[in-house]
Amino acid sequence: MSTPIRVTVWNEFRHEKRNDKVKAVYPDGMHAVIAQALKAAGGMTVRTATLDEPEHGLTPEVLAETDVLTWWGHTAHGDVKDEVVKRVQERVLQGMGLIVLHSGHHSKVFKALMGTTGNLRWREAGEKERIWTVSPGHPIAQGVGEYFELAHEEMYGEQFDVPQPDELVFLSWFQGGEVFRSGACWTRGRGRIFYFRPGHETYPTFRDANVQRVIANGVRWAAPHAQQAYNCLHVKEAMEPIPAQT
Amino acid sequence: MSTPIRVTVWNEFRHEKRNDKVKAVYPDGMHAVIAQALKAAGGMTVRTATLDEPEHGLTPEVLAETDVLTWWGHTAHGDVKDEVVKRVQERVLQGMGLIVLHSGHHSKVFKALMGTTGNLRWREAGEKERIWTVSPGHPIAQGVGEYFELAHEEMYGEQFDVPQPDELVFLSWFQGGEVFRSGACWTRGRGRIFYFRPGHETYPTFRDANVQRVIANGVRWAAPHAQQAYNCLHVKEAMEPIPAQT
Amino acid sequence: MSTPIRVTVWNEFRHEKRNDKVKAVYPDGMHAVIAQALKAAGGMTVRTATLDEPEHGLTPEVLAETDVLTWWGHTAHGDVKDEVVKRVQERVLQGMGLIVLHSGHHSKVFKALMGTTGNLRWREAGEKERIWTVSPGHPIAQGVGEYFELAHEEMYGEQFDVPQPDELVFLSWFQGGEVFRSGACWTRGRGRIFYFRPGHETYPTFRDANVQRVIANGVRWAAPHAQQAYNCLHVKEAMEPIPAQT
Amino acid sequence: MSTPIRVTVWNEFRHEKRNDKVKAVYPDGMHAVIAQALKAAGGMTVRTATLDEPEHGLTPEVLAETDVLTWWGHTAHGDVKDEVVKRVQERVLQGMGLIVLHSGHHSKVFKALMGTTGNLRWREAGEKERIWTVSPGHPIAQGVGEYFELAHEEMYGEQFDVPQPDELVFLSWFQGGEVFRSGACWTRGRGRIFYFRPGHETYPTFRDANVQRVIANGVRWAAPHAQQAYNCLHVKEAMEPIPAQT
């Protein structure tokens, strides 16, 4: 695909305004850092949208012009309007890619597409996370080594209540004793979904080169390819002759 | 499992009361025929529930005592209360098996668990359906031959908008030229879900010996095994020592 | 990937020399027609190799310079040397893509990578095949409609003895009453494998525009992305301290 | 299934005869301990077979009477005759269950069925392993909690070169910093295969109650259900009329 991938980076953007620790790490919001990284990766045009904009910045027009949407939310999942959730879900089913980041595992959008609770174990202790590649041939693992490390992160542990991934790309080891399926792929309708675990708001995770590379790889993987319309048929359109029933 | 599987057979039960053609085929409702077949299969205790009962017959008490729920709905998906849909979904995620029959592909319960539209192609022409076994070693195919036929059925054709099945058991060939993934398995949370295509209300499909066998096999496959609770952890409970951050 | 994909089109090339009917359809061999189509698709450099060349044309040097190998064999699977089979398998596990065409389902290479017999039902009756898209968002389905037809083909029917595909892209309907999983994807090691059913030697299937498009899409999907080496570790290299056992 | 499952426990049985440390842990061989545990689990008849018996104890007669085979090998994979490997593979494809234990990941049988190298990272340091349940509703996890621990085990780490599992049941955390897909399910032909990681010969792993429970659950899960024969068809047997080609 030689035309650029049109990415919309969505962020809840509340922690960064209210919490000094987070503000110090992401003064312009996590979305600004993610968007900057994707621009630098090349081959993409990037815009951002946040919760407190009208319609959360996700109007039908914006979604129609979005090939891949990235989603970070945490403290205000309940403030996302059901109408917008439905709109995003429908757009994914029609082919828009979706990259769900970190605490987005509990977003309405992700839960609607998975059909499960998205529940998991967690712990905030600033511990070490080592992310192992289990599918080294997968496009999302391109350029990532056997593993990479984050010195300090929130822990997410199994059991992670999601449908079994179509493809599992990364597994995390945590210093405190847990493991987690950190990079996982699903297809829903025509849309591709990638969940990527790292990204707690109090750590500079989105400034990490490996994390940025994985998100960019995820965007490229999730970008839509084909588009077709659904149809329903009536008897007169049968492709082969069906004798009348007696 | 030597204790009987507790099955609840749910039916919309509207067509059978209003349409003479359907009434002639299923005078006591499709649920009566399905329940009778499951009782005859052995190893199960079976009750029924229908849309027009209070809470659609699916109170928290009934669901708590149900190991596997079978679901047939068609004309009144919209009449199923969201509260009951949520209750059924949660119960599946906790481990209750779910057998979705025919037009149940568009039920709120199935769509909530799949995250997709459940859309498909269809045609009512009373054509022949031949159902092929693609996973002959699967428990749901036990006792079914390489294929079996239904002389007259409604056609459902691809593309069927569901997540890729964890296991595909049956494929249908239709006289008019279509194919369909007719028997498909998913796990959501701790619950197992089996979708089985045949069962249009105007044909005696649920009286067919092969169809009855597959539904009974499906119930046995979907019956819950393990039960565990979710937990979240706090830092003091870390399994391995984590040095304090400086 | 802006550098061209290096494709090697492998053909048994025996039927075309011995059977007048086949020769009439493919005077220069099926590989010539497939290679021509891939060149026309763009973004690829294409060479061919055939069974009766030294080492079947698949020397270590040729394989090292091949990103994606396509394979057509039928009457002489047994003549392919085990040494070459092993070489191809190892190259796939290291990341080379593999497109297995039609009767290649019984090739030593495919069976070694699948671990199953590759058995299926078949019938030569020149019947109609209609190929349905079940994963419309998949890159291999790009540009293909809801279905396409081949007026005359050999029939392959289920049960097809292969591991459940990672992704199922196409299903075939046959005039004589069978169905088949006609387009299926697997990953083995770092290599991606696509099996595509059509292509009996007596029909001009490889001249069909849809078939050519699917094979080109398959090549693009199977082209390798990442490359990493395996390692084994010794205790002194443990990433975290392990106290000595007492 | 009320008739007992017929299990054959296969062991290389070399370490236990040659290495005093191993002999101290398993004086009668690992197979004796595994067989004893399966007998105690109930519902099974259990025999054993070892490498140095004629035909490795796996004659056609023994395999014909085996519903599920468990396999432990390590130092002598190369001594297993190709003829017996082929026999076991064929029997699995026909429906026999296979439980592959620990270093069996490099056995000829497992590699033939997977199509991959089975390579992984490893380290012998007697470190702690914590095994997490990721599919709590799966029959193989029945009765196992959120996790269980082994105080001392050999480490196996990702990337584990196997096809993506049909179902992933357990993940391991290792003290030294690695993770591993420790419990994984595949179906090949009609046969079910379960790989379970723990079981280094120098530790009393097969005496652990959780390990014994998982192996017994695995045997029950892998026991065959249905049996059908393959067929090939000729034109005269077409199910639907095919007009003669002109």
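We call the chains A, B, C and D, going by the order they appear; numbering starts again at 1 in every chain.
One rule holds for everything that comes next: contacts are C-beta pairs under 8 Å (C-beta built on N, C-alpha and C of every residue); 3 or more make two chains touch, one makes a residue touch a chain.
Just so we're clear, the structure is a prediction, and the values are computed from it rather than from any experiment.
Chemist: Higher C-beta contact count, A-B or A-D?
Modeler: A-B
Chemist: Averaging each chain's C-alpha atoms to get its centre, pick out the one most distant from chain C.
Modeler: Comparing chain centres, B lies farthest from chain C.
Chemist: Go ahead and note the Å separation of the Cα centroids belonging to chain A and chain B.
Modeler: 30
Chemist: Return the distance between the CA-based centres of chain A and chain C, expressed in whole Å.
Modeler: 32
Chemist: With centres defined as the mean C-alpha position, give me the chain A-chain D separation in Å.
Modeler: Spacing between the chain centres: roughly 36 Å.
Chemist: Where does chain A touch two or more other chains at once, residue-wise?
Modeler: 130, 133, 135-136, 146, 157, 159, 164, 166-167, 175, 177-178, 187, 189, 228, 231, 239-240
Chemist: Touching residues of chain B toward chain C in the complex: what are they?
Modeler: Interface residues on chain B, with respect to chain C: 130, 132-136, 146, 157-160, 164, 167-168, 171-174, 177-179, 181.
Chemist: What residues of chain B sit close enough to touch chain A in their complex?
Modeler: Residues in contact with chain A: 89, 93, 112-117, 119, 121-127, 152, 155, 157, 159, 161, 163-164, 166, 175-178, 186-189, 228, 230-235, 237-240, 242, 245.
Chemist: Which chain A residues qualify as touching chain C in the complex?
Modeler: Contacts found on chain A: 95, 130, 133, 135-139, 141-146, 166-167, 175, 187, 189-192, 224-228, 231, 239-240.
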